[in-house]
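We call the chains A, B, C and D, going by the order they appear; numbering starts again at 1 in every chain.
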Amino acid sequence: MGKLFAVVLTIITVVATAIFVMRVWWLPADISVHGPWIDHQLMETMLSSGILFVVSQLALALFVWKSGDRREGRKIKIFPGGAVPMVVLATVLVGAEILALTFVGSKVWASIYQTPPDPNSLAIDVQAEQFAFYFRYPGADGKFGGIHPELMNEASQNFFGLDPAHDTAARDDIVVPTLAIPVNRPVLLTLRAKDVNHAFYVPELRIQQDFVPGLVIPLHFTATQPGKYELVCTQLCGLGHYNMRAYVEVMPQEQFDQWLKQQAAQQ
Amino acid sequence: MRTHSIAVLATVLITGGLARSASIVGAAPPRPPGAAGTISGKVTYTGTPPKMKPIDMAKEPNCVTQHAGAPVLTENVVTGPGNTLRWVLVYISAGDQGSTPATETVRLDQKGCQYIPHVLVLQPNQPLDIYNDDPHSHNIHPLAKLNPEWNRSQPAGAPPIHTKWEQPEFIPVKCNVHPWMHGWHLVVTTSHYAVTGEDGAFTLSGLPAGKYTVTAWQEQFGAQSQDVTISGSETKPVNFVFKATPY
Amino acid sequence: MHEAAVHPHAPPQGFLRTHVFSVDHKVIGKQYLDLALVAVCTGMVLSWLMRLHLAWPTAAIPGLDKLSPNGAAGGVITPEYYLSLMTMHGTIMVFFVLTTAPFAGFGNYFLPLQVGAEDMAFPRINMTSFWVTLVAFLVLISSFFVADGPALSGWTAYAPLSAVGKDAGPGQGLGQTLWAISIAIFCVAQLLGALNFIATTLDLRTKGMSLARMPFSTWAWFITAVIGLIAFAVLMPACILLILDRVAGTSFFIPSGLVISDRLQPHSGGSPLLWQHLFWFFGHPEVYIAILPGFGIISHILPVFARKPLLGPRAMIGCLIAIAFLSYTVWGHHMFLSGMNPFSATLFSVPTLIITIPATIVTLLWIGTIYGAKLRFTTPALFCLGFVSVFVSGGISGFFLAQPSIDTYLHGTYFVVGHFHFVMGVAAMFGIFAGTYFWFPKMFGRMMNETLGKWHFWLTFIGVYCVFMPMHYLGLAGNVRRYSAFTDDYLKPLIPLHRFITIAALFTGAAQLIFLFNLIRSRFRGPKAPDNPWEATTLEWATTSPPPFDNFGGKPPVVQRGPNEYGVAGAGGADYLMQAAPEPAPAR
Amino acid sequence: MTTVASPPRSPPPHLPPSAHRPTATGGPEPKPAETGVWVAIATISMSFAALTSAMVVRASGAPDWQHFRLPPILYVNTLVLIASSLTLASARRRITPASALDGLPRLYVTLGLGLLFVTGQVLAWRQLATQGLFLATSPSSAFFYVFTALHGLHVLGGLAGLLYVLRRLRRVVPVPMTALGAATLYWHFMDVLWLYLLVILIIRV
């Protein structure tokens, strides 16, 4: 029975690890400026915890294999050195690993969430609602109109509760359901939720952030690869959660300018 | 099925009218044979109405494909050539007589991420069947206040929802999954109603002689009423003009 | 004078007092375990329905429309019903299985036995605690039968989705209110239970049973009770505030200007993050409430079948205490991306990573105990070995999620689902299985069938790896959790893997029928169990199987030594010394 | 609620004398009832700590926080509650394992004062209500009602415990001193808890 356990556990360990190593299912290619750091941090963690995983499982398998030995008169053996060296070793090794991960990791984290956005960022207002994202560009005047929840009306496509009748800044705001951004230009999003919690997640951008009702949360990043990507909601928001998505279109600056003009005409 | 129920309905009406029985139609006064008046006219606007904006259904690629080439426009204010207004309900709001309760089943479709029709008129307890013709899930959420409110999803392949409204009420209906999907269920107690088409025209026929209040209702501009007296089989012209603002 | 009676309460009279409204901790323990069994079956069926829907979203499940005419018209699960199933699965499993079985169930039965007490310190409070738990369970289950179905906001019930009422969706009306009431009631029950555990451990230990001589499982239950005392004391007021927001119009968690279902909500100024803080201040310790008894059970059982003492007993207890302490400093790691100050993410990340140190040590101590052991491969032993393996697998993925920079990518994906199912779901279940196979002879006086037990183990062990390992791959590929269908372009290629998981889940679930059959059959047909079938040292094995109503027949044992005396020269050539056995004559 | 079955209400009814039950601790006879009350004090403190932090978070930067003057009757209630603690302490001094008779009148006074306190709290609610301050009026009033209601429930639990002990004091010899001690401890805690709540209500509301 001990040998069977050892064999089964070894097979499980090898197969599980092989699928990781062969990257059968893996992260999509990164398209952001900060992404490589995250990927690096992930790989570091993958490597160290992978070793820990394989070593512990195989040690377990090996010890179980051996301890099933039924020979007469075999005496039990105490782990060499007893518990103390083991405790010390675990504390030092895991502690060192933690220090290293925290040191590097918190720099990566800070570079995304704790640094101020580039002053030349393109400002886009994002509203998450049950169950869609809407994006607002300030239009020609460069200013966003005020938001009035009581004026929100989906039937007339006034998703942000703008008041164009009284608020001139709101008249040229461009509201679209697709996030178009120019490539290689810093983007500053302001995230607001209309109803409940939502989240902003674009796997290729390596970025995720909750929308919280009552808070306006800034988020900034720079995309480096033109293309069409999916933005999905990762915070349970209700029955349509699974279907809450928008496309992110990263395009060259000229194409973006043209796109914006086209959208402005349709407002 | 539908023609069958109409036939049944007609039979019931005729029998009811002739026999003056107190059955299903007993409550409604019998239709005076041969002396029915008609009200007809047009609904228009003055001023600048809001733009009909194209709806970008990007989040539901199925629906984008269905409307490729001709994007769907917002339906809260739909105008036609000659300043006409579409989707206006015109109905007898007071002095109604000769109405018959409807028993035929009304059908609401969800197709291409739109409610078809945008404005659905029913009478209390008239059976309503809701179909999902799209290959993805929809959600129907009638924001009723007098009637019980409900909120239910209809996945692709699920059977139609059989329902009805018991109280007269104008109920906005939305799809929670597709924020742009909006429609109306207008429950009225009269069978004399019409919804304007693109030409803004309407006709209420089969009205016995009497004094009526005719009301036109538009989802954004509200309601207007006019009093009309019908004597015998005449056609009275009635027109409604709404004042439109761009926002 | 009844004051002079030896036992805290008189022997029960009549069927009701003996088996239903009993104040005997053993009956109450069994009642908790039975409740957990009902709950776990319910929760597992819910997970099958979810998995079926994920793999084949348009498939009609026959009969489901009878349970929920709206949620599953024609048997096709709607997105909201999927979320209701998910919410109920999580709530039932976390509260009514993982808290109830290893802590309240086994703890109630064996803590007094292991410390040599005749009952819990407050038997009537103990009974109240069970019946209150049952009420909480019934309130929760009743939400299946309300018109709009159960709550759909997940077991975490994030406000404002959980707080604003039915505008937020079907199930967010009465269903969510019932959820909040059920959890508040459950908190009361667990506080009463924790009170008993702590007082019993501190005050009712028999002569010679110093703290250092307490079995590891007793330590674990005691520490868990302390955690629970603080955790549930926070969740309960949080639930009260949530209920008030829902029914009394207050705005603790609901901010101003929310427009839900086209309606401007009449609330102002509340803080959604406040709920998250309160919930996770409870929620993270709750993870340890679920798993620490497992640690205790494994540390208790492993030496029995290894026939050698647990390596580093003091280190083990020290680690348990360290984990309990640290569990209160890490709740923010659930909220890295919640919009709280990003600086605090780093602050919460450090203790989260530090908690891996005691967890690693504990694991190494188990593996070190197996080294050079003379393992007896009984079913409980196999489940102990399985526990170590799945705990390692689940624990290691915690390394990723503890780092905010990686959580940026993995938060809200199936990686998290795989992680917590391994570490607190499967590992805790393995602890429960090990405990059941191990203590069944004591509880019912009959042995469980070993062959069936081994089949159960192998199928379950392989099954859970097939179910939960692929979830990590899905997470790496960015597969979002809590989705009722995968309609996104980048998720569609992952559906075949989801089908594999579904098939594996059904297979693993079917394997549990073996356990259920074994459990029921052995209760009536199993061979008679001796008092100490596994040759274990602790006090529960020093009495009859099953124990008499006062546990030790009026003769409380006097403890001579700790629980870890395996691999020593015992009486009659045995290789162990029972805690209460007199000192054996020196070997010649 | 922790209150509802807080330990003083049902201390182990028939705890055996030490002679029959050998215990681990070599020191004085363990008193599970008192341990239970201490544990209950810990958990109740934790609940109110959680509510206090909720209140601090909710009050910070909330434009809808509405300050109001606490109903003056609260101060009278405070004196009543403190007086009840004093009478209880005094009663306990007069009760010996041999006889409880000397302390009984003061226990009745304690009970009466306790009831008076609860009544006073209800009057305080009514005063607030006449000012138009209800549960949902403002977060400040909401927290006021939540705090006072939860504390009141715990006091009622304490009263039930005292009643239970009183009944047994009159019937059982030797006098169950542990149960009395546990109930007293709990009652004093209610006092301290109220003073704490009063202070934070004065500061915040």
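Just so it is clear, a contact is a pair of C-beta atoms (placed from the backbone, for glycine too) under 8 Å apart; a residue touches a chain by one contact, two chains touch by 3 or more.
Since this is a predicted model, take the numbers as computed values, not measurements.
The set of chains touching subunit B and also touching subunit D is given as C. Across the two interfaces under comparison, C-D and A-B, the one joined by more C-beta contacts turns out to be C-D.
A straight line joining the Cα centres of subunit C and subunit D is 33 Å long. Centroid to centroid, with C-alpha atoms defining each point, subunit A and subunit B lie 47 Å apart. As a whole-number value, the distance joining the C-alpha centres of subunit B and subunit C reads 55 Å. Multi-chain contact residues of subunit A (touching two or more other chains): 129-130, 153-154, 238-240, 243, 245. In subunit C, 78-80, 169-170, 256, 261-262, 270-271, 273, 485, 487 are the positions where the chain touches two or more neighbouring chains simultaneously.
Subunit B has residues 136-137, 139, 153, 172, 174, 176-177 in contact with two or more other chains.
If the chains shown are joined wherever they touch, the resulting network has some other arrangement, not a path, ring, star or complete graph. Here subunit B touches subunit A in the complex through residues 50-51, 53-60, 74-77, 136-137, 139, 153, 172, 174, 176-180, 182, 219-220, 245-247, going by the rule given at the top. Residues 78-80, 83, 152-154, 156, 158, 160-161, 164, 168-170, 172, 254-262, 264, 270-273, 306-308, 311-312, 315, 337-339, 342-343, 345-346, 349-350, 353-354, 356-357, 360-361, 363-365, 367-375, 377, 382, 385, 388-389, 392-393, 396-397, 399-400, 403-409, 411-413, 454, 458, 461-462, 465, 469, 473-474, 476-478, 480-490, 494, 497, 567 of subunit C are the ones that touch subunit A when the two sit in their complex. Contacts from subunit C toward subunit D in the complex involve residues 2-9, 115, 118, 121-125, 128, 188, 191-192, 194-195, 198-200, 202-211, 229-230, 232-234, 236-238, 240-241, 244, 248-252, 256, 268-271, 273-274, 277-278, 281, 556, 558-559. Chain contact summary for the complex, subunit A toward subunit C: residues 1-2, 5, 8-9, 12, 16, 19-20, 24-28, 37-38, 41-42, 45-46, 48-49, 52-53, 56-57, 59-60, 63-64, 66-69, 74, 76-79, 82-84, 86-87, 90-91, 94-95, 98, 101-102, 105-106, 108-110, 112-114, 129-130, 149-150, 152-154, 161, 194-197, 199, 201, 203, 206-215, 217, 230, 232-243, 245. Across the complex, subunit C is touched by residues 1-2, 4-5, 7, 10-17, 20-25, 30-32, 35-36, 39-40, 42-44, 46-48, 50-51, 54, 57-58, 62-65, 135-136, 139, 142, 146, 150, 172, 174 of subunit D.
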